[in-house]
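The structures come next, written out as structure tokens.
Next, two complexes with chain A in common: one pairs it with chain B, the other with chain C.
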Partner chain A sequence: MLQEESDLSLIIAQIVQKLKGSNLYSQLERQAWASLQRPEIKLESLKEDIKEFFKISGWEKKLQNAVYSELSVFPLPSHPAAPPEHLKEPLVYMRKAQGSWEKRILKSLNSMCTELSIPLARKRPVGEQKELLNKWNEMGTDEPDLSLFRPVYAPKDFLEVLINLRNPNYENGDSLSFRTHLGLIQVPLKVKDIPELKECFVELGLNIGQLGIDDSTQVPPELFENEHVRIGQKVLAEQDSAAAQQYIRQGSPTALRAELWALILNISSQPEDVLYYEQLKTNVIQHDLLVDSLIYKDVKLTASNDDYYFVFEDYLYQVLLCFSRDTSVLSHFAYNSASPPKSYIRGKLGLEEYAVFYPPNGVIPFHGFSMYVAPLCFLYHEPSKLYQIFREMYVRFFFRLHSISSHPSGIVSLCLLFETLLQTYLPQLFYHLREIGAQPLRISFKWMVRAFSGYLATDQLLLLWDRILGYNSLEILAVLAAAVFAFRAVNLMEVTSLAAAEAVLADLSTLKVMPLLQIFLFATVT
Partner chain B sequence: MSRILVPCHVKGTVALQVGDVRTSQGRPGVLVIDVTFPSVAPFELQEITFKNYYTAFLSIRVRQHTSAHTPAKWVTCLRDYCLMPDPHSEEGAQEYVSLFKHQSPSMTFPKWLSHPVPCEQPALLCEGLPDPSRVSSEVQQMWALTEMIRASHTSARIGRFDVDGCYD
Partner chain C sequence: MSVQTIRNVFSVETGYRLSDDQIVNHFPNHYELTRKDLMVKNIKRYRKELEKEGSPLAEKDENGKYLYLDFVPVTYMLPADYNLFVEEFRKSPSSTWIMKPCGKAQGKGIFLINKLSQIKKWSRDSKTSSFVSQSNKEAYVISLYINNPLLIGGRKFDLRLYVLVSTYRPLRCYMYKLGFCRFCTVKYTPSTSELDNMFVHLTNVAIQKHGEDYNHIHGGKWTVSNLRLYLESTRGKEVTSKLFDEIHWIIVQSLKAVAPVMNNDKHCFECYGYDIIIDDKLKPWLIEVNASPSLTSSTANDRILKYNLINDTLNIAVPNGEIPDCKWNKSPPKEVLGNYEILFDEELAQGDGADRELRSRQGQSLGPRAGRSRDSGRAVLTTWK
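Moving on to the complex of A and B:
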């Protein structure tokens, strides 16, 4: 048990160190000093009295939420001998694959840059700055010529990379044998099976009330909905992140969702945060980046064409342009298998003090990236809050959907989980689709990479993202993908080509997410 | 008490395999790594650290010199310590591992246990399970009975399990 104790003290030390640099720490210090004025604080029992004060005034809860947030996001401290890259990704061959993929993306970006003779970054002339500032709230009306720009990569390019991932220590040969996987993903990652998923997603069970099922018009609200809303209000009053995360597993009432998500992600709009956002906005005004054009292009191609999201076009620019310039995002690369593209100031190659990351936040957007932001626009209308929520969602969840890693919520694991579920529980369908050249992953990949944004109706999407937050895992995306195939299995069994299979699964906007998940996990006879 | 690295010589892996390595088809599942400590003063081993590469189970045996007169003997310190919970998947495959000295009296040469030394006899059956030899003899009798019935095939119906009056 000595080992566990030392592990615990290591974790505590790590969290304390992280929180010491945060805003909360200085606020707590200030509060502690201010509390000395209060009559109930006595010198003899100073420590206990201050602790009691923190408990009553709600500051202890804020600290608890911050600790909980740290535990949810950062991986546990690893072995002292493990180098930093081991924390990013323990498997060497995956690190190598991610490195090669990044080189390719960078090459693509650089060649686009040279072809179009556009600098990676330039300072805007004063006139242009003024113009942009005036137009800040309606950047969507701008119609720059983006015809020469192409997205750096699309999800299907990324899928090809994942298909070619191989573990050099795993011999499965090229010919079909009992050792090759029948799906597209050939790496032997550990994925859950349905019994393990049932245990993991126990709150989605048949005998537990769900929003998305038990709030439909036929069900009288007294049975579940009213009580659930009441509990939600109580959770918000308590301001407890952990309780909110547990509560939201059964779905969030529409009216409470914005606040609940902010509580779970531990986002509270302080004046400093608004100031930070304004600073980023100033950076956008002053400098123009090549990735800005990529963002424009992406928004125009995806969100602007979407019936649900085109109204939020301006918000998307306001968030994504600032996101590209936010260097605080760089800290998430400590646990992301990806690394930010690094360049050196001319003549100073190799010197770390002269290294610059491009874009400043280290994230190069791909085709469909703006769809991560779009659904959030339904919940948050204040730009700095919308920005904070998106940034936190990205560094907690979305980054895993486009980087190569062995993490259980990483896209590789999700793909393998999807294929394994389909193969195990719908073997006839899987075999049939394979035979007609329609590997199921080729159809479902784009859904999972975008976390279903743009494919489901927005109310259904938000119910799905409720569960992502509630379970702190993206595995539900793979389960939903398999559930969709199970739902349309009858039609899919009759198709004879990939195009026809894609047509059957082209429109998911009428699907109800929660019943599909519940049936697939808890009501399918295996 | 400061800890220092002990110089050691790690030999190459040797496969444990029956028969000729060159001609047999199968790949050995057990490899042996010899670690020697070139003439060093007696020390107390605290920790062994290594990076795993697809080893599922680890056993460690130590050759111990107790005194000048008795010959050195091999002691098993660790048997089948699990490094990979599922050997067919990637969990634990490339992890960094530390094995510690655990609750053992200090000795001049490494004899420490991370896990208690397992007994060499087979594990005792847990309580509540019937004696296997009795069960097998009973099963044999039942099997003989079914064979008899099958052999003496009649056309008589077995009939319902009719307790008087229950179907009225």
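Moving on to the complex of A and C:
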């Protein structure tokens, strides 16, 4: 009991510390000073009166939302004397693996740099700056020569690294035994099984209404949809983040989705935020970074060719170029097992005073990175809001999909969860695929790394991402991947090669996500 | 059959008679709807008729604009209405107008003007050759250009919707659920310097596919369901539903307008390609109707769509895949509709007077998803008012 209390007070202290530096704090202070003018505030009961005022005027709600938002990324309670690396990632071997992976990426980036003799960063001449400013809204038409650029890495390279992860404290033995894993991932992390998942995702159950199932044309809207929409509007009126998060577990009506996501992510477009975005835009105009070309190349290779997202090509550049210059993103590395790559001013290699983070936000884009942003363009068409939403989604969720960590929502756990689910509930299928050299993870990895963006139809993808926000976890990606395999099991049992298996699973655009999840979790006979 | 062949088949000279087991895919005088000038003429006539009858559909607002029937941009025939046009042009001299040849397709011969001098040629003709019958080839229509189209991703787009008409009297028409949006490859700008750039203004694939940035994988096309998702997410459900309701409305009204003059030959059915543009106030405008919508495909998805379109069209027009008898009552069973949904069925609409009230209330809650709600013709007014 005492331990819990001291843990709690530690957490409270840390959150207060964090929030003290934020905009909300200064706003609350201002509001408090202004409220002194009000007649109901009396000197004798100053504290209570101001608190009451905050409650009535909705400021308490805003504070609540901010605290809730901090809690959602707060690292799991740990020993107060734990060093900061432990907050990033408690397991040493994982940290080491992430470190060596980062070295590899940086080496690849630097070698591309020297090969093409392009500086990592350079200041744009004034003429070029003007030109870029004019073309800001249609950067898609500017086609620089990108043929020599290659993406720094692709998901399958990352998969190879994960496959080779080993826990040095875990003795597997050389021969196959019940302790070796049948799948590709060989690290012993704890993952949930179906009974635990059922408990976790209880709102997806068969007897609970869902958007994505109970709003189809055959179902009269009075049964579920109308009421659900009404509740959604009420939640928005209350502006309560926690309630919104609970609500969205049953899916979000399309008309309310943009606002609901903003509420859950605690994004409100203040003038300061718009100003910040403009500042980032200025940075883009003034300096050219090597990663810009990587971003260009990625967008051209992925989103521009996509049936749903090609329309928003220009928005993608506007968001991603600004994102790579945003140093506020660096703060998420406190709980991300990754660390931002460092680079040195020319000629001062190794001297710490001349080290800078490169790119300024510490995130090196890989092949398919722009697909994280693309679906958001369906919801937000105002660039600074789109930018804020994407940035928040990244520092809450997406970063876990490409860094090595033991977090339950980290990609390693997701892979293991996927494989375990398949082995436990579809053993025949798993065995068959393994025998023909088509390890299931090789096919589903790319789906999970991209959070299914670009593989599902957009409306289905948004329903899936609703649940990611609602449950504050990415585990649903692994469950969906397993559900897809279960759905196509009959066809998969007949294939005889990896290529054929890929072909069976090549087109997911007709799948309906929610029925698949519901059936897999709640209606499969085990 | 192509349009030329149809002209021959139905022309008085050849004396060709279609037998009972022959069905053709065009109405003899489809040009009443599909030629730009005749379509506008018929719609104007229809509006005047409704006004004379005192029908509530023809209600006007304080500025004299029709409340429910203003869905075609202001259009004049040239050279016939040249003087009327000049009067209108002088009222708003900064407006842009679009010149379209009456009988051409695929964006051929279209250009934009913003000065009277650019079309002096048509005024000279009207003065000097008022007694000489104009050859069809030189006839043009000039319409007010919609220079505030709804932009997505900064680009202009239009909607291509397929509508199948199996008979005009009673009117029975079906709308294909899988229409698509055609995007321009270049960002839209109303600036006068780009008036000549057809890649900015014309959405025809025949034109866009020659652009530098044309992409062969997606072909610059979006499905209508994507458009719906985007609009519902960014603008809200009510205005989106209202927009789609209005689109259905204008299609039905345009067909009703030509129904009286259409030769309702029982051997005929026709699948039209409707081109609709949405402006930034979410008002749809009917641009034109095509009798022979392009059935070639520019992308893989396109090919699947057009294949299904032809399949479903023939399933409705020729029941059961048997040798047809043109005397059948043209009421296909629900199962063969495929991706079509009933847009308007005059027989059904007139048949249930008592049910109409109930139907319209249902129409409101189920919305445009349940195509059957369109059957109640008059009653649907209540949802639009």
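We take it that the second predicted complex is superposed on the first by the 512 of 526 C-alpha atoms of A that agree within 3 Å, B and C clash if a C-alpha of one lies under 4 Å from a C-alpha of the other, contacts with A are read in each partner's own complex, and residues count from 1 in each chain.
Here is the rule we use: a contact is a pair of C-beta atoms (placed from the backbone, for glycine too) under 8 Å apart; a residue touches a chain by one contact, two chains touch by 3 or more.
The model shown is predicted, which means the values in this text are computed figures rather than measured ones.
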Given the alignment on chain A, is it a clash or a fit between chain B and chain C? fit
For A:100, is the partner it touches chain B (first), chain C (second), both, or none of the two (neither)? neither
Taking the superposition on A as described, I'd like to know which of chain B and chain C A:524 touches: first, second, both or neither. neither
Output check: A:26 vs chain B and chain C. Expected answer is one of first, second, both, neither. What do you get? neither
Touch test for A:258: chain B only (first), chain C only (second), both, or neither? second
Quick one: is A:328 in contact with chain B, with chain C, with both, or with neither? Answer first, second, both or neither. neither
Looking at A:188, would you say it contacts chain B, chain C, both, or neither? Reply first, second, both or neither. first
Following superposition on chain A: angle at chain A, chain B versus chain C, Cα, nearest 10°: 140
Give one of first, second, both or neither to describe whether A:86 is in contact with chain B, with chain C, with both, or with none. first
Of chain C and chain B, partner touching more chain A residues: C
Between chain B (first) and chain C (second), which does A:9 come into contact with in this model arrangement: first, second, both, or neither? neither
Closest CA approach of chain B to chain C after superposing, in angstrom, is 41
Do any residues of chain A touch both chain B and chain C, and if so, which are they? none
Per the contact definition, I'd like the list of chain B residues that touch chain A in the complex. 49, 51, 53-54, 86, 88-91, 93-98, 100, 102
Chain A partner contacts - residues on chain C that touch it in the complex: 152-155, 183, 186-187, 212-213, 215, 217-218, 220-222, 225-226, 229-230, 232-234, 236-238, 301, 365-366, 369-370
Contact footprint of chain C on chain A as seen in their complex: 137-138, 140-141, 217, 221-222, 253-255, 257-258, 304-308, 310-315, 377-381, 458-459, 462
Going by the contact rule set out above, which residues of chain A touch chain B in the complex? 2-3, 78-79, 81-82, 86, 90-92, 167, 169, 187-190, 406
